[in-house]
Amino acid sequence: MAEKKPSILNRLRNMTDTNLLLTITIVMFFLMYIGAIVFQGKGFLKPQTFFNILNANAALIILSVGLSIVMISGSIDISVGGVTALVCMSCAVHLDYKGGNVFTAFLLALGIGIAFGFIQGILIAYLDIQPFIVTLAGMFFARGMTTIVNTNPFNVENPALVALKDTRIPVPFLGSYNKLGEYINAYVEIGALVAVAVVLILFFVLRWTRLGRNFYALGGNRQSALMLGINVKRTKFYAHLLCGFLSGIGGFVYFLHVGSGAPTHAAGAEMNAIAASIIGGTLLTGGVGNVIGTFFGVLSLSTIQNIVNSAGLDDAWWTGITIAAMLCLFLVIQSLVLSRKKKK
Amino acid sequence: MHSLINKICYSFSILGLMLTLLACTPGQYSNSVSQNNEENPQDVILVGFSQLGAESDWRSANTVSMKEAFSSDEKYRLVFEDGQQKQSNQITAIRKFIQQEVDYIILAPVTEEGWDTVLQEAKEADIPVILVDRMISCQDDSLYTCFVGSDFELEGYKLTEWFNSYVTSMRINASDINIVNIQGNIGSTAQIGRTEALREAANKYGWNLLDERCGEFTETKGKEVMTAFLQEYDNINVVYCENDNEAFGAISAIEAAGKKVGPNIERGEIMVLAFDGVSEKAVSYVKEGKITCIAECNPLHGPRVHSIISTLGVGGTPDKISYVDEGIITANTSVKTVTVNDKDYQVTILDKE
Amino acid sequence: MSENVVLELKNIRKRFGPVQALKGVNFKLCEGEIHALMGENGAGKSTLIKVLTGVYTKDEGSIHMKGYDGDIAIHSPQEAQDAGISTVYQEITLCPNLSVAENMYIGRGKEIIQNWKKMNDNANKILESLDIPTSATTQLANCSIAVQQMVAIARAVDMDCKVLILDEPTSSLDDQEVAKLFKLMRDLKARGVGIIFVTHFLDQVYEVCDKITVLRDGVQEGEYKTEELPRLQLVSKMLGKEIDDLSDIKNDEAIMQDTNEENVIETNQLTSTSGISPLDFYIKKGEVNGFTGLLGSGRSECVRAIFGADKVVGGTIKKNGKLVKINKPIDAMKAGIAYLPEDRKVDGIIGDLSVRENIILALQVLEGFWKPFTRAEADDFAEKYIKLLGIKTASADTPIKSLSGGNQQKCIVARWLLTHPEYLILDEPTRGIDVGTKVDIQKLVLKLASEGMSITFISSETDEMLRTCSRLIVMRDRKVVGELTGSDLTQNKIMSVIAGGDK
Amino acid sequence: MKKNSFISKIAGNRILIPIVALLILAVFNFIADPSFFKITLGYNNLGNPVLSGYLITILDYGSELAILALGMTLVTAASGGQDISVGAAIAIAGSAMLRVLCGADGRAETLQTPIIVAFLIAVVIAMAFGAFNGILVAYFKIQPMIATLILFTAGRSIAAWINNNQLPIVNDQGFTVFGGFIPGIPIPTPFFIAAACVVVIMLVLKFTNLGLYTQAVGINESSSRLNGLNPEFIKFITFVILGICVAVAALIKVSRLSTINYSVIAKDIEMDAILAVALGGNSLSGGKFNMWASVLGAYVIQFLTTTLYKFNVQSDALPAYKAIVVIILVIISAPTVREWMGNMWTRMNEKKDAKEAKVNG
């Protein structure tokens, strides 16, 4: 039965939820970007602005991807922000006072991330405790430990790290001319490359590996996953372990970007990561979501903040309100998409 | 079908609530810069201002003065960015200004180090950078065009000199003066200058400086730090606060602990010295004698920066460092003038209530 | 094991605490055969399926499969699948968010990397061979329930299963979907797959099954070829009554009805979201009537419509002649209707609350938010009914979940009696209860009826209904197919109406 | 049946957990420094008698938490989740109160409106935001924690927006009474306010069916629907009641400093509120609750906080210790762990019985 040429609407209807929400996110992102260009004038036309957004949000992208994986498998992890702050402070102290080098600092970051992922994974997967309570405690534990490691914020003087922080990877032929007519190359920070790599690798894991598909099955229907022969406990444990691992990497990338340790680092990052995942098309009920969508979700968040800022609402408190408004808008869109599906 | 319909109408009610929050911008916002969206015509000068946060009355007064200075003059358009106490936000803001090819960048740096790379980018983009309120430490000081702000060390010396002349006039011997210092954000120019002045005066005149702890320039942290001091030491008779808000916190902590705040140390009162003197509450506390003396720190940098930018506009070169003039206010009549490295400063005496 | 028997169960026993669910069941399934497994509530049918699929592990007995010698131990769904036993449950255990192809292959392969192209091609090949109208890449949620079931079957077939268990597959399908399913089952039969078909729709059994096994309270009542077992005899075997020795037990206490009495409750053309066909029903003061019919024939859905438990979409209800608006349970309660739900665990008890709180709950809601009972009032309400119904509980404060099934049921009955309803609906009040409590409840029903309360009594054990009801409404496939009063109240009359006509 | 009696004794009266925790802390402090329990009667700067000492600070600073614990217990019981936006909601209510009291420019010398009017406006606003959470949870069926996440993110920004980020200060001495002392009465007023709230809630529980309905909905929603209750409305109401508690807590918090700092006021108080409910032995997934135990749990947490302060633990480091306490509590009450403890106990019994049998066999 050859399928007749499906009309756009028809193809839209029987698209999988994941792809449908993904297209919504990408379309929304481009609309916003065009809106930003209108509002902000020529600043947004230059590619370097896009790379600046990418550099500033590299760590948030990695954290959001970790969070999306956990949300796809039907759980949640709000300790990523706290872990990031702890990683920054520990690496800073390790480098400046303990005389470690950048590589050992990176290992330390991974160690902290994996430790959090491991413990929280055990508590949630095997002891069956509510994920929100475990990770809420994890967040507060991490925030508390950050100040215990070192009370005052301080900038890292370790030359190797400062050099790493300021390295500029030129992006060929995407530069722009400044007022003096000189040609300045567009550049990207190391963190941005790591973030893009993480997104691509995770996209591959979720799309093509057995573990990735098990995450989706687990999120779709936990009881069915059990009956279909998937080891539900182990899969959920791996999800949290992976999220912990990624918050370790994200923490280190944030450390590279900021180059200092402070208790208030990445404050609210977990909320932004959840908002970015939902805007990126990850369903709260689990089973639906895509890391590419989350990548655009993070970029949409910072673009909308740029728009709101340049529209004159430039006080700090507008960022919180815009994120909450976006979160609410996309929650409503998701519930409409879900109910349209259920009605069929 | 019914459940879907009521779900939709609920969702629109929620959406409505959120949009009303966004849309009905409050009245007083209108006096800040009104944004015209059409492509800015060539002659409007674009000025990017990266403020470091909104942690104290002084800071809010500073922000308002900046915004007013540039909104009243339609030749300029101010793009304001709030760094929320984080250097990373301010760096991102400056990079955004560079992309928008602003004509001038005004920066109130939250800390002194870590600005070389981003200011180098601004220099390459040929955008002059004017520092406000706090200094930065960098190898090549051509990275910034000029600095407008207070000479914090001078403020510190004025206050400590006033305190010294007050102590000698009341014939209190230096050894039984026990001072605690509630510091501002560690690493900010204000904190460094004011703490340095106190340390120098303490070992010059022989006061014993019991303890120094960071109060983050806020009232809540100030109160917390003062409560901890009072529990650890019971012989405190002078509190040196590095801004108004910390003083308010310290005073409420002292009163909560059942002690009395006032100038006469010998009768067991605790003397409070402070900086800024911006809010009416601070002035009224001075009149009531709750705060014995305040070294003023003038937040109104708007007009000074505006004049610098107009001189730059016509090709002139403003002087590198320019300090705003500041005085000392107290309700205590015993000291009239203060001399710091042989320069006299007038003390304004407020009539006591 | 003779050559073409693919699965044999010998003396399977399983107990849950005091209740003996399976008392030594023997069962044989041959290759290329559709074998119906039938039995009323509590016959152990679902327990047997769960033992076979590894959800429960059997206490005693052995399971033999063709190609394996000795008893194969099944402790998890995974082991059952590996042994070649696949199951398609009524609520489809697949992942709606994944594509059709993924649902067929997830959880099986051992290889790390998933080859989408190979998977989709194989899936499409199988879908075409079984003539299932969907494609490998559509999301499962976008397919209809029937297609989803066929995908589950396709998954089982692709795991070259020798035994396929279909647990009530047709309960939510319409007629052409049922026909498509039967065509698929006949294809699999031709391929030599042994199919166990669990259903309660009689005409579907006669249409497609070769053999029928009847289970009754945990024992295999018998195995028959479909042609040799007429419908009437099948129903009698299921209900456990021999046709010939049935004496017409006339319940002597049945109160003769004076017909001119006003109807307490009267509904016409009542329909609800649960999909029952329009219901015309009436009940007089002091009358005990009953709904009977096989499991899933819509008995509960009718009374839930009357009580407002399911959203009413059409028709009206009159109480004592006056029109009454009922669309939520609270309206029904205010109109003096009480409803004892079928599933005690889910809809009846409030587990952690004490016996006292459970008993006074309904009356408390009627009293209203602002008028809570004092501890003394609540205590003597509870004590009164604990004594009246003989509820065995340590004290009125023990959480209700720690009571036995029978005592829990008595508490719920006490809860509704406390509201002194004019019309009491009891849905399967005696299911899963010791015989002693059953007799108490039946006596209580008759006593209450004599005091003027009109009662609807629903039970799957028809002899109970005969002893208590003066009028029986017979249901089949969500439709009222007959009403028996007076002299017709006999066992075989009921069965013939249930069996539908004289076949 | 020895196993059941022992386990049920522990699980039975859940109030045991806060009492045990209280004893541990009391003994620990007594050993460390007996002066902890010293209460002195001194005079504050305005010359009226003031009690001071660690116990007083516990009772004083624990009051906001106790009031919030009342509302949080009801929300947890009915919806099986917690409201993490209480901190942000306190900021909003406090900001609204100050906006009404100090007028637009936030510097008023005299109060623009009487305190009671400002408080009522704050109550209405807090109830409105509670209702917002209630609608998302009850009618949109969104998990309570995710639904309140929206207000958690936006709350402090909305609070800042209400006063356009100004930090208004109330100079009227009468206003500080709520957070400080009533002249002439040595006991801090917040303690009275908390006591009043507890009494009100207890009266409501006694003279209405709030308690019974909340628990019924929390334990088994479908069965309570069949008993005539409206589960959505009950869940919605618990969020609104929590809104009232938020407004009262905001009044105390703001009048302690007679000003407000949006990012710091009631920081991490949601963590303490959840900890109070858990410490009170109530299950965090809803159902039965014991209000007295939650209130006691709140004061136990304040006891823990004050003890940690005494050992000059940084205020920012506190969450780490509290997180550990929550994790231990949640592990102990997790069903799988209870089962495991149960079998461990029975195996121990069997070994003991076997030994006895061997001895006298």
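Chains: A, B, C and D, in written order; residue numbering restarts at 1 for each.
Here is the rule we use: a contact is a pair of C-beta atoms (placed from the backbone, for glycine too) under 8 Å apart; a residue touches a chain by one contact, two chains touch by 3 or more.
Note that the structure is a prediction, hence the values are computed from the model and not measured.
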item	value
Per Cα centroids, the chain farthest from subunit C	B
Between C-D and A-C, the pair joined by more C-beta contacts	A-C
Centre-of-Cα separation between subunit C and subunit A, whole angstrom	48
Between subunit C and subunit D, centroid-to-centroid distance (C-alpha), Å	46
Distance from subunit D to subunit B - Cα centre to Cα centre, in angstrom	36
Inter-chain centre distance, subunit B versus subunit C - centres from mean C-alpha coordinates, in Å	75
Sites on subunit D at which at least two other chains make contact	140, 154, 158, 161, 164-165
Residues of subunit B whose C-beta touches two or more other chains	7, 11, 14, 21, 29, 54
Pairs of chains found to touch, sorted by chain label	A-B, A-C, A-D, B-D, C-D
Of all residues in subunit D, those that touch subunit C in their complex	206-210, 212-213, 215-216, 219-220, 222-230, 287-288
Subunit B to subunit A touching residues, read off their complex	1, 3-4, 7-8, 11, 14-15, 18-19, 21-22, 25, 29, 32-35, 37, 39-40, 53-54, 79-82, 84-88, 92, 95-96, 99-101, 111, 113-114, 117, 124-127, 186-187, 214
Complex contact set, residues of subunit A against subunit B	38-44, 46, 48-49, 52, 56, 152-155, 166, 178-180, 182, 184, 257-260, 262, 264-265, 306, 309-316, 321-322, 324-325, 328-329, 332, 335-336, 339, 343
Contact footprint of subunit C on subunit A as seen in their complex	1, 3, 13-18, 208-211, 213-214, 216-217, 219-221, 223-230, 287-288, 341, 344
Subunit B-facing residues of subunit D, complex	42-46, 50, 52, 104, 107, 132, 135-136, 139-140, 154, 158, 161-162, 164-167, 169, 171, 180, 257, 259, 261, 264-265, 312, 315
